[in-house]
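A quick write-up on the structure given underneath.
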């Protein structure tokens, strides 16, 4: 359509293309969720409904954006990983971040009443912020994922102990905090066990490990591939035939997006799921 | 809490602070709204419910983020302006964009059923993407706003004529498109009037002008201030006393956020609302 | 010419266009000049030959790059200002910085023997690093320039006093440093005067004020223009006629680039030289 | 020292840290070298003195900046590679680019008279611009290097043929250009041989291959290491002991920087020089 003399202002938009051939992680965080927890009476140390809602929103994000290869969530945060060959939105940071944040929020708000059946949302509504970070190598990416899972473990052990002291042990928050100051993991395990007969190992996996969101393909035998090395060797997006692309698309669309609570630090997780690093969809398991 | 050997990955996050002393415009756009329009049967050329929903979401964004001085929306897009002295989120681009996009989406999805009473949302849900752009001077900012409003006018005149030809004139879309190729504004006005007895000037202001979202302060006499010049002269965020800041905050919170359909290209709009450029809250009108 | 399969690597280069309509300051700094001073026996607190060499190199830079409107140098640093409408190298940061640094270095090294007649350069040779910073308003730009000149004054007063204590007062460096710890300007002026009969006001202007490099146009009466306001009102590069551009180019080329030692903090400097902010070349004075 | 109210301007400088764990290539290019060639009568298609001068400047750069692992030059351009673990100047782009450009220029200008003994420089002096680009993987880096060397080959074959047609075949430039339009490599080889009895393979290696600048360590047997894979596996800068660092530094300083004209596209070059990718200095050969 016609131009106007004001169009020069378009030139002020600055490029934010993320470096090619790097893994893109978009991490989103709940805004002001401490207040939200109080307002809706989230259970402590973990509210199962809130986590299930996070996971449901994450599954929806990954279903709508098949370019995402894996998601990992804990508490009120979720990380989504785009394969290093991804060219979605020309790798523009703002587009990637805002699209994920918006889609996640849409589902979170819409699905709220499914998980919090008796607590209708009232303003201010839950919202999330986000950012994109590039990781050049598979090792960097895995270290990022490990960082989040270690954080999950550290926080959950602390919170489990803290709230046991408060809820079961009758301490005030301040007392519990002081009591735990300077303790290491072994101390907290011991406190839980000796005081409250809680074996931390028996806590639900979703609390201890966080939530991994992946597409459901058949696991392979470890040792049958070297997806990490292959991934690091990729230098640029592979030009596939239209047919091949179409096939990949269909397989990805067919694959169920599922939530699991697994160790993503050890090699085994990645060895059995080569598609996470290779970006080639695996074999869709037969429906039973 | 404890550190892990994986924390080095934090260093890969890159700074995205926007240049100080510039006006920040965050513009968000509906993703795939052409499909959405079809899916939910939006009326053409304008769906009043859809626009009202956009405006309601924008009002909520501005209520939750008092740092925003003005919003302007048309069709499925909305622009939000932060004053050039704004230091919210240390002016980090990702934080500003993702927070606005997320808050807007939360309200849009939650309020959907208020405006589309008989059409429940089904996946994929509406979502928005966003970006931040910096404008150094008041003139640049006003030219940006004018650019959007001129765009609104051009598109609305075209769409009004196009859909008249289709809905009232019995043309196919292709025929109408061909028919309008090469026409200028005067031609379209003439077509509307001579063929369909539509006087474009009498079309609703919301369609012709788009929607301005501002805080409701008392208008001032033009000529009593020079807010634009004062704004350009500001070199850095003013350090206010705590009391003054608190007062400003209260006045902003008291002011009703309202939607209007006004010419924002001419000086008059800005001259009568010095707070838009000065960032000093105006006088809250007495409630009637 | 022919392409190769390696050309994809070009896509990794990231855009670094500086925000339009902002003043660009490129500041360069001598690398490791403390060592250089010792190696070539620079006089303390100021070596006139070294400053003259800096100024000669800066004059050459401004002669080769007529887009630069003003330069300001002190010690081993120099700042060069591009007008906010400048579009040289499409405002790419790397190009602007590297071109200035390289041109400056070329002249500095080549002219060395003119100023240090008896001290031939030996490796490692003098070199400079640089960076570009954007300033949105005239006030920001002037504050930047003032910042550098205040720094010049503060450092020179300190150094003059310090070296007087050492060279004339027989103190060691450590003693002088301790002696000056906690003193304010008035103290240093007093020390200089009472101990060494030095009136700081009578020190050479080049040491007290640093060096301003500008094109030589006829000064105007203060109050006959409002170049600062006009500059802030500019929204985008003005499209001039080819003839006008050619005229401007010729006038700039004709104007002698000269070095002065003036107060650039006060209004008077800018009021009498409207071309610095307006970017319209002034009247070239008649040669005498 | 004392602060001033102008210091706020420091906050306008924006961070330009390059992404960690990526190879940094700084490429510099001669500015306006076409004019320079004419002014100083550079021989065509290649001026040996000019290339030797470029190489001498590059050697000096690599001697002064031991963090550079390899340089590659052709015509009036030179690329310098920093290892992906490099933390020099905190990986700030401007610092890296400006330092290299400045050091290169200093030596180029100072050494000019050594290579052009009878042609003193006159203003405007030669200068260079530069930029930094990040490459995430060894393959990307090698593809970048290959891209430059293929370019060298393509340009040199063209120029050799073009100038033979002009200098030996009596064609005008325009005639030669037309004559070569649409020819492929084989055609040019054939023209050179059949018309001028020039076997392109016998042309000097420096013209056909460009110039590689590396530190002189003992070559290793290919197959005794997998430096590329090891390099891709590195996730972050290795923390070495002070002793180890000191040892590395000494070995690098001892190693002669030398210029060679080798094929850097094939594996052999990299296989025999593991230090280029591993960043561990090799064995310094015994002086003979």
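A few points about this structure:
Per-chain numbering from 1; labels A, B, C and D assigned in written order.
Methods note: a contact is a pair of C-beta atoms (placed from the backbone, for glycine too) under 8 Å apart; a residue touches a chain by one contact, two chains touch by 3 or more.
The chain list, named the UniProt way, goes like this: A, B, C, D = tRNA(His) guanylyltransferase.
On a predicted model such as this, the values are computed, not experimentally measured, just so you know.
The minimum number of touch steps separating chain B from chain C is 1.
Put simply, the C-alpha centre of chain A and that of chain D have 43 angstrom between them. The distance from the centre of chain C to the centre of chain D, with each centre set as the mean of the Cα atoms, comes to 31 Å. The centroid of the Cα atoms in chain A and the matching centroid in chain C are 50 Å apart.
Along chain A, residues 8, 12, 14, 19-21, 134-135, 140, 143, 235-236 each make contact with two or more other chains. If you sketch which chains touch which, every chain touches every other chain without exception. Every residue of chain D that touches chain C in the complex is listed here, in rising order: 1-2, 4, 6-10, 12-14, 16, 28, 31, 60, 64, 93-95, 97-99, 101-110, 121, 123-135, 140, 143-144, 146-147, 150-151, 154-155, 158, 184. Those residues of chain D whose C-beta lies close enough to touch chain B in the complex are 8, 11-12, 14-15, 17, 19-21, 235-236. Interface of chain B with chain C (complex): residues 19-22, 84, 134-137, 139-140, 143, 229, 232-236.
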